[in-house]
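Chain IDs A, B and C follow the sequence of writing; residue 1 opens each chain.
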Amino acid sequence: MAKEIFMPKLSSTMETGTLLQWFKEEGDQVDVGDPVFEIMTDKINIEVEAYEEGILLKRYYGVDEEVPVNGIVGYIGKEGEEVPDQPGETPEDPAVEKAEEKEAVIENTSSSETEVSSDKKVRATPAARKKAGETGVPLHTLQGSGPNGRIHKKDVEVSGQQQERVTPLAEKVAADKGVDLAGVQGSGPNGKIYRRDVELPAEEQVPAAETISTAYEGTRRFIGDRMQQSSSEIPHVTLNTEIDASVLKKMRAELLPVIEKKTGKRLSYNDILVKALGEVLISHPQVNATFENNSITRHQESHIGIAVAADFGLMVPVLRDVEKKSLSLIVQESKELAVKAREGRTRPDDMKQGTFTISNLGMYAVDHFNPIINQPQAAILGVGRLHDKVIAVNGTAEVRPVLSLSLSFDHRIIDGAPAAAFLTELKEKLESPYQLLI
Amino acid sequence: MREITYAEAVREGLSQRMREDSDVFVLGEDIGVYGGAFGVTRGMIEEFGPERIRNTPISEAAITGAAVGAALTGMKPVLELQFSDFITIAMDQLVNQAAKVRYMYGGKGHVPMVVRTPSGSGTGAAAQHSQSLEAWVAHIPGLKVVQPSTAYDAKGLLKAAMEDPNPVIFYEHKVLYKSKSDVPEEEYTIPLGKADVKKEGTDVTIIATAIMVHKALEAAEELEKRGISVEVVDPRTLVPLDEETIIASVSKTGRVIIVHEAVKRGGFGGEIAGVIAESEAFDYLDAPIRRLGALPIPVPYNPVLEKAMIPQVEDIIKAVEETMRGA
Amino acid sequence: MTDWAGRQSDEVVKDWLRQMHLIRFFDEKVDEFFAKGMIHGTTHLCVGQEASAVGACAPLKDDDMITSTHRGHGHCIAKGAEPDRMMAELFGRVTGYCKGKGGSMHIADVDKGNLGANGIVGGGIPLAVGAALTSQMKKQGKVAVCFFGDGATNEGSFHESLNLASIWKLPVVFVCENNQYGMSGPVKDMVNIEDIADRGASYGIPGRVVDGNNLLEMADVMEEAVMQARSGSGPVLIEAKTYRWKGHSKSDAKKYRTREEEKDWRTNKDPIKRFEEWLLEEGRITKEEAETIRQSALDEINRAVEFAENSEEPSMDTILEDVYA
């Protein structure tokens, strides 16, 4: 199956790239890592390399033409494979709903990336801070053993010991030989120094691979802490199912040009999933719920959070009142939300009051996964890739496009049966998607 | 050395000083043939006569003021205020007169007087005869405040107080009057402003005053069995406060619990906590500073309630263990 | 009447006149400076009460002691304090009696037996008792004179102190300057007996009422009381009826009394005028001498002002000094 070559998004502000030159002609053999073409963005010129090996089947654009970010520039595949004449159809629109398993809600989102910060202050005792200051251990990298994760002196000391672990024997040998352990590279796990490391002549020591550490802080930490909290607080149960996406695929192909003509935006599978969810959630208020302050709220509207990967972290803008919206309006609004999210223009209000979240990893080779619930919501849908599979249809093996869905729910407030009923109805809707248009 | 009680140590200290210094005299209510409400001056009127063991009317304002006036003019009065609760009636004379005179008069005159007064609960004397009001006077510049916890300390500190040219409020704990310790027969001085490390330890510091010193030591013994090494520091005098010893101990252990019998709210423990937090010991703190004090209630009469009001050994143990866990 | 005062030498009686002038000029000057904002805080003036202060101190020896009140400038001068150091104190200067730390209400001159003025009504009464106790225990033969106002006699410390001094037969003379008002409270509204002196009876203390604006009478009664106290017969309570011409303190509209009442006291009962008249009648002094005494007192007060104004402010280094001895 031929693979698309996309216009990569190289910065948060990049909207289009200009093709400067092709390095390959149609019909040329392309190996993974070969530069295929060169582009110019608002900031830099860069060569785009192939991620697939095969024949360059199609080039849609010529030199000096502008291509929207994530637009399909060409195809690589096997000799003779058919590809579209126009750069249109794509099984997913990875730019828009490139989702991950967990979403960050960032409170002080504004137009500037630098202002996007949810840095939590480190809780540490004065003694721990002093020790950290003396030893140079960054406190934010430590997990405190005290209440609320407070870091105590011993946490810093243990960390310090881990950083320069050495066996007692190695220490003794080093002392005997007058070897400075600071200059010895340990061969053990985490660089632990063994006797042989001390005894080895310096020139024979294996230089350490250069590693880069980054602080667990800011957005990363905010996301991580929320993840941790949800994961530890909520008894997660995940239900998996696969849907036969034959009709879905056909419907999308038919509607895409219509909606694009109307809105200027391209219809993605995710949009259809959102549309379907909007309806199914209304008929399953047990799933369309939030759980806060020991109080369960069942919602009458479908406010669906859509996970979007931005350069600076994950955002979950919320599309409101989905059940009342047409597919084209969903396409329009979700694309706008996604663009704003990627550009860091999402307002805090855009991320509030979600009743459910969809997380789509369909652009990757992921069949299914167990998403973690976006608190205080009660459930989340994880979407895997759409790919051809052999399935039994009316007693015969057939190759059909299959989409995997995973529903994680909070077992404190939703029981298994209602969750299963929800997922079943969603599957039915997506396998007969035209009813969504009624 | 022989063992004597806290009350005997106070009496002995007083008597020895009175034999040496004819300016020293005692005044107070029922201190004559009655021997004082707690028997501290028993037998003293027989030795020193009614001139120097001066039985007074029940007039706390006047006798306190008279002590100030006598001190200002060359005597060294030791005033026994029958219960430290009655300090409320003497407050004007202590706060507005005794404490202020020297500064207010530009360094002229001095007030070498001691106010001995029994404080604390544990006798079932209820709300008006059981309080620990030392924080009131500790707040007043010009007054020194002493809280001995043992017979040995009581005698040595009392001598220092009597020799001090300033008004000293000397809190004797009623329940400790019968407690015994080794006390030298001769006179000796424990300087005001010198804390005593009653027990050395490495894991946590308990700063305790008066009767709480004994409870802290008892708790420390139990905690040792559980593998926690406790240092017990007795400041002995609140004013002047031996900040150096406190800071050194907390810097060593990194954890501190402050225990007093007085009501926690507004109690002197807050001052000690503040001293620690402002000092270099801050850098060594590895757990929040913890205070134990009495509940914010008048002292109840019922013995179970009375006991429950103030920190007990189990409370101290619990606080130490929680502090060791970082709580 | 013993006529002890009348038997004193010309030199002595002239000096009493001088002291009364000093007191009046001092307080009038202070009044002016407060009005002009040249000195801060508050002050209580004893203009009109000069005779009770001078008369009370007249029979005292140098080492006898007094305790004073918030309205204490007169007692201070009568007990021998220097007006220049007093004025410096009011200016908050380092040369003041309290190095500028005490101010008007806390002037003390311990060396001259003045154990200090007091800002607490009735606060000084037990101190005088204690001072008398020292004298008794050390057999010093000193007497403590305790000044207080009519208002203080409603304080517990007054009653406790009188009782204590009485049972111990202490050498203390309690001098109540009844100037008719405790701040704004007329004494007739606050005390339900005609004479405060009667309160002494409760404690076995003889009480004497005296015209506090008559220096001679005041001095005679005091001389007797001091003798009794010094002899070991115990305390005396003297009530000197007098009047403060000025308000309670610097901001007082005096709505609680009439201008006519004030005028009556000023014109008919001025203690200085009365004493001067007696001196002239008795031929103890000429008009010229009287004027010279008056003028020299005024000059002394003016010099005191000059001294105060030219004195240094206390250094910040001294702020922590003298909390403890």
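One rule holds for everything that comes next: contacts are C-beta pairs under 8 Å (C-beta built on N, C-alpha and C of every residue); 3 or more make two chains touch, one makes a residue touch a chain.
What you see is a predicted model, and the numbers here were worked out from it, not measured in a lab.
Colleague: Which chain pair has the highest count of C-beta pairs that touch?
Modeller: Per chain pair, the contact count peaks at B-C.
Colleague: Need the most distant chain from subunit B, centre defined as the mean of C-alpha atoms.
Modeller: A
Colleague: Which whole number of Å gives the spacing of the CA centres of subunit A and subunit C?
Modeller: 91
Colleague: Would you kindly tell me how far, in whole Å, the mean C-alpha position of subunit C lies from that of subunit B?
Modeller: Taking the mean C-alpha position of each chain, the two centres sit 41 Å apart.
Colleague: What is the distance, in whole Å, between the centres of subunit A and subunit B, each centre taken as the mean of its C-alpha atoms?
Modeller: Averaging C-alpha atoms per chain gives centres 66 Å apart.
Colleague: Can you list the residues on subunit C that touch subunit B in the complex?
Modeller: Its residues touching subunit B are 65, 67, 96-102, 106, 108, 110-111, 115-116, 118-120, 123-135, 137-138, 144, 156-157, 160-161, 163-164, 167-168, 321-325.
Colleague: Hey, which residues of subunit B end up touching subunit C in the complex?
Modeller: So the residues of subunit B in touch with subunit C come to 23, 25, 51-52, 54, 56-57, 59, 61-75, 77, 92-93, 96-97, 101-112, 141-142, 144, 165-166.
Colleague: If we count contacts the way the header does, which residues on subunit B are in touch with subunit A in the complex?
Modeller: Touch residues, subunit B against subunit A: 254, 282-288, 325-327.
Colleague: Can you list the subunit A residues touching subunit B in their complex?
Modeller: On the subunit A side, the touching residues are 125-130, 145-147, 150, 152-154.
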